[in-house]
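Each of the next two complexes has chain A plus one other chain: chain B in the first, chain C in the second.
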Partner chain A sequence: MLAISLQPEEFDLALGVQRWLIVFGTVLLVSLLVSLMASLATYGGTGPARLFGRLGYAACDFMSLSPRRIFAVALLTFREAVRRKALLVFVVFAVLFMFASWFLTGNSERPEQDIEVYVGFVFTTISWLVLLVGGVLSCFGLPEDIRLRSLHTVVTKPVRRNEIVLGRMLGFGSVCTLILVLMGIVGQIWIVRQSQGLTLSCRVPIYGVLKFLDRTGAETSKGLNVGDIVETRGFIEGGTKGAAVFQFRLPKSQPELLRFESRFEAFRTHKGSMDRTIQARYVLSNEEKGLRVPLEKFNVAEFSQNERDVERKISYTNEKTLKKEEVDLYNDLAQDGWLTVHVQCLDRGQYLGASRGDFFVRELPDRSFSAGYWKAMVGVWLMVVLLVMIAVTASCFVKGPVACLLCFCVFVLGQPAHDFMDKLVTGKQVGGGATESLYRLVSQANQTTPLDNQMMERTLKTIDRLPSGSLWIAKHLIPDMRTFSMAAWVGKGLDVPWYSAMLPSLAVALGYILPCVLLGYFSLSLRELESK
Partner chain B sequence: MSAEAVIQIRNLSKIYRDFWGRKKVRALNSLSLEVYRGEVFGLLGPNGSGKTTTMKLLLGLLFPTEGEISILGKSATDVSKNERIGYLPEESYLYRFLNANETLDFYGRLFNMSGETRRKRTEELIEMVGLQHARRRQLKEYSKGMTRRIGLAQALINDPDLVLLDEPTSGLDPQGSRDMKDLIMRLKSQGKTVIMSSHLLADVQDVCDRIAILYGGELKELGRVDELLKERNVSQMQTSSISDACLDEVKAVLAKHNVEFHKVDHPTNSLEELFLKTVERSQQRPGQRYVPESEAAKGGTAS
Partner chain C sequence: MNQTTSRQRKMAYFVGMLVLLAPIIGLGMPGSGTSGGGALARMRSSYDLGESNLGQVDPTSATMNLVLLGLRGIAVNILRMDLDYYKDHKEWSKMRTTTESVILLQPHYIEVWRFLSWNLAYNVSAEWDAVPERFYWVKEGGKFAQRGTQRNQENAELYWDVGKTWSQKVGRSDEWRYFRKYFVKDPDEKSFKGQADPEVNPEMKDNYLVARDWYANANEKELGRGQHVMMRALFRSGPYKALLDYADALQRDVKYEPSSDVIKEKFSRARSIFDEGYAEWVSKYGKERYRTGKAEVFMEADQNDVAALAKENGLDAGVIRREIDFFQKTTNYRYWRERARAEKMPTTAEAHRQLYEGERLYKSGKLSKDPTTGKPGAQEMLEEGMANYAKLLDDFVELRSEDLTVEEGMWGLLIWRKALDLQGKPIPENYPLKWLWEEHQGLVASLQDRFNSMGY
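Entry: the complex of A and B
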């Protein structure tokens, strides 16, 4: 279903920056303390002076970065990759695309799903191929340079180690960008050709803020749970005052026509009417002015979109006076630019499930398919750039195969395992942390029920909480690779939202630049390139 | 020669350790020496004597276990010293996928040279090392001699004050070797300081003002080449060819003064000199070939 995979969450940039500062600061502080102790152990009393001297020297190195030298290393890296036939990856790409249509069969009943499949295929293929090429090139670039001693002819010139690290990142990043752009163009042409007869568009959703009203009309933090394990949606009871209340910030351009688009989930406690689905309605309200404008009820289409056009001037029957009245969407209903929409289920004994992603105001006209497609491609690009940064950093202190393994681990931990780490840190993991899980495993206790011995459970939970600080740091050290996946938006024909998709991915990628460059610089500077 | 020291090494030691920090080998032990501006200084020693380690310590590729290095008034780990240094490594470590033009352009960029300066310098150096005909070929297609020459060109891209040459004549044919030695002498005449390490003692003798001989990581000999090679208890005189009678008289005079007579013979050219003369002759008279004396006696002639 559409909504489960696309739950837009607004990215809090200030909170992100705050967390970045905490994690980066902590790691920096710990590194400094360890270095201080190591310098004392190695050089005795003169150790700290040497250490701070080295740090001062490092600061000078960063102050005197030369764009020309960085560009020289980047150009060298680009030439190296091209002349070592990195672009042969296009052969694999071409073969995959030549035969892909044999296996990607269409669905004549629901053609919009075909586009989803095509977009998914293009993005998966491109991501994996570029990640593979970028990862391998970046992991082996510097270690090969050191092994063949070509780097000796570079470091004996007035080149700072940070210039080498930055140049390498830039060079490999450029190669990957070139490959990605070319593949992206081919991929788009392929999707357009495959989707002949279908409309490719990019709808621009405005998502709202969601809250719930219970059956008495009182505000609650979440809707009812009808037994789903995943509590993505909250349900409202039909035929009561229960409602899902969405608040949308309306576009400042104040268009004459807005389109409400929703895809709610129904939960039935009885068969209901056989000739129609569950009924619902939108009620636009302005509490300050005491306005309640109900729109026409509609049958909830459970497996496709419910679309409802709303004009600027709305005629309705006032529930109190029973008179026909007309209101203006922006001047009468909107409150400080925010529009409140109540979604109510009209069938008694039936339930309607709603989540934030299930209902949005669609800004018209739609954008071109290319706009969303290339925004999602930027997401892939940011992921590749991040992987290149990590790979180059790793290659500064380990050999190529080890750097590859390290990148692979980061990538795996950054995908499905990130969710697991999240749950461990927040204590939401079913079955508890490592100690509690082990105890449950040995004692054959159910993972989902509380332990019989409550004292034991409390003790185990306390033990599991001890490393939560370091786990919190680890969770934030490993990038959340899921942030970069934006293909689902394009597949659903939606524009990629800036605040909940583009901005977090950009922030994650940017957040790794400084730590990677610093780590790479110190690893390469403190390393004897000729060590036997 | 100016007495200004461009390199000062004090009690330099280097111990190679394994992953666990255990001592593996002591490559250099308390080395102290100075190299002065404008001289050609040779580092000699058998394999494993520590000369390449010394070079790499000077360049900051290795860190000393003990001791201090001052190079052009700066620490060996200070990158800014490299502005005035040129380095020719022992093997060809250049990027084999670049051609000669790209190689010199790349290293020129590392010195922050402008585009015009890089182009000018590239032209000069390619001409100097005689690689005009191969400037657009990738280095992986170069012979060993050609690779050494482009290596030398990259070492001189910044017109350095101090040139470090690791085995500069290795892999070169006698003509290339001669050219290299001529170039070293030219650098010296321009007031540059050259440090070279070599196994080829004749080469060192030809060009070096002073040498240091290392053995087992320790300095065993240091001084001017002519001083070190001079045998003070043996005398040598050169005359035009003398008759047997004259030789007998000379021997008698020497005996009268209680001087021990050792030998008299005709001086020989070095093999290098013979080779270079032959090559020069061949270039002047192409097609001429060697004819054994027996065939020449039968009436054969050189063609």
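Entry: the complex of A and C
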């Protein structure tokens, strides 16, 4: 059985922008209200006027941004980073790659699996090293300048605070970009060397829309569960009308040959024939025209890709008339440019598992490995840029070590803990929210069992739901670092898709620019630079 | 106010350091080829706790542990969580790599080797549909345990686990027929070119014979450091039982052999293996001494032995007999002794062959003797087999209560009755194994179902 295939989920940009506006607007509003109250408390009646005056000054600062000054600060930052021996990170990088083979066991029988491991190693190593260097440099840059008073030589020049923040971000971002590009080149050479004799591919998938039919042929929301802990795949029953129905948007160029690629999972309820694997077939259909074109059955190979070429003109035996007929893929089978493919399991009593990522139409010809590799590297770059932005912002209002700690927390919350936050906000967390968990802890109640006192359970759940709005805001304040991980696509020899991988990562990184610059600017403006 | 000068303080620190250094050197100095080193090094050596005493030293593993300082436990926890995640998400290549990482950090934690090896051989292999793929993962599990033995050369449990994987998993799972074949001829033609995987089976032997070697090694290591897997007498039965299982597997194999000559040869080989197995069972395994709470006994003991053991242990002969009986029952000693003794007899092998050949003749429609060639048909072959089988059960009464033995006899009887029925002949008043048919009527329905499903 092959690994659960990557599940592409199209990113809804409009929804993303809407959420960004809600979160950004709310935070802005709360900050304004707090500032207003603080100004009233500090300056009395003149406070609001002073506050709005300061905001007006800030608006002027932003209106008169000078790219030349920003570039000058960025150049200075770049030189400073080089002077601080940031490029020594290459020594660590070289050492890791020299000894990588010690830690990565090659598998002579399944070399194709190794590519995934090699790609994973390269991306993990590069990400961690660049993040570490970028994070530390960015966190300590401004606080160190303040400590050594070298910032005075900058702020006394006609440079605005927002230009300093932007220049720093740009400077550190450039250092990280340089390091990333060089490491990326070495990483690619290393993967190619390690994978000698193997084909490094970058297949371009066109994913479809999936729905299921149950054993009676009726449409159902999902397939059967055969006991998998992770219910990514839905299963269909063999020898029945059960089917996984995929609908693909066909390429407008209407190529003469379409290649289907699948990675279904088989599940046996009885031993059956052990001489072969479970059999399945594709049935191309056009419901409007009442056409059903079954293709030749195939044995489901869980390990390797099931590839099937479909030519434009298809000869088939009509199941009703039992006569040989011919259809045209685009003119007869496609409906408004969409092709419907039913996947059926042919073995009675056995099951076939399918998920959206398991079956796709492959665009031909394949792209070069470099295309996918560097797209995924862009993902790493966006993550590094985001971290640099957060680190520079943090260094505007706290000292270096604290800024480091803050960045580390953001990173941890953004990667492994984001899943937990998602569950907490959506109410899917096993054991409930904070109050219910506390009650279970004290009463030694299992997380998975319902509480004995139902009234108590309802009350606790209601209490836990009260701060759900603020939790939702908090969840969206922490960047979802998982968005930037694209190495899995490259490891599996697939192209990194734009809508489900590149676009969301770009949107996340872009979404933090304005908040970070604003926060950094106001923090630096209000910071007492004489204080070490 | 401190009156000492900076130099005086530095001197004091230096003297303090020297004083503290002396016990550290005395305790922690590493041993070398000529000297035993410090007290800790000597103790490590005398208790066989040094890396090199435990097994092969892996520089990678040592480096990882050194680099992680005190964070090894945390790193292992994270890796184990990753491992479970990859397993749940069926990310097999990543799971395999994570397994290696865990073991780099815990090379001498035996339970980790045991669990991960079992996980690969039993859990992961079952996730695959194609039998060659399942075999690949069984091999991965076995190989993993084999590597564990290299890193922990004195640990008997890991040797025993390897033996168990090659005997039980390969020889007894649903796919045993394929697995046994693949064990001597790997399905991965590209890598092994029709040979066995040399890492697993360099001499291309039967899986049970390879398992036997591993069990024998486990027994040898067990003498040194003991084991914590199971009762000692059961643990040590491994190599002897593997030989008997090998003979049993040869008998099972014949059902998939098309040629009568090969069937005859396999039954004959199984008989000689049972002969060898019986000799080892009674003269070696039966004579191994085991300590109970009360006495030290061995299982193959006659009256004289019992008397001698009673004297040696200072106990009553009845107590010794009860202790021996306890061991024999726990290890199923008497059954295997009787089974091997029965199977080594020429008439037994002949009975198996005749019953099986009779079934084959029935299947091919040859119900009675061919009048032209004089070759026996299913009826005659089965009657000869039944007679020999009846003799076997008369001579070895203990086998009468053994399920598989009863089933084989009943199956032969059912087919014989079908053969007579098809020929329109009545069932005679008396026939061999009549008592067996009458005693086990409860089995007839399930055998009839099996008969129907085979489409004869």
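Note that the second predicted complex is superposed on the first by the 526 of 532 C-alpha atoms of A that agree within 3 Å, B and C clash if a C-alpha of one lies under 4 Å from a C-alpha of the other, contacts with A are read in each partner's own complex, and residues count from 1 in each chain.
Criterion: a residue touches a chain if its C-beta (ideal position, glycine included) is under 8 Å from a C-beta of that chain, and two chains touch if they have at least 3 such contacts.
Just so it is clear, the model here is predicted, and its values are computed rather than measured.
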{"item": "Which superposed partner A:Gln113 touches (first chain B, second chain C, both, neither)", "value": "second"}
{"item": "Chain B versus chain C as contact partner of A:Arg160, first or second or both or neither", "value": "first"}
{"item": "Interface residues of chain A shared between complexes with chain B and chain C", "value": "none"}
{"item": "Interfacial residue positions of chain A with respect to chain C in the complex", "value": "1-4, 102-105, 107-110, 113-114, 116-117, 120, 228-230, 232, 265-268, 271, 274, 277-278, 300-303"}
{"item": "Touching residues on chain A, where the partner in the complex is chain B", "value": "61, 66, 68-69, 71-72, 75-76, 79-80, 83-84, 148-150, 152-160, 528-532"}
{"item": "Residue ranges of chain C in contact with chain A within the complex", "value": "59-60, 63-64, 88-94, 96-97, 100-101, 104, 127-131, 133, 136, 174-175, 178, 188, 191"}
{"item": "Complex contacts: residues of chain B adjacent to chain A", "value": "16, 24-25, 56, 59-63, 79-80, 82-83, 85, 87, 89, 91, 93-95, 97-98, 102, 106-107, 109-112, 138, 154, 158"}
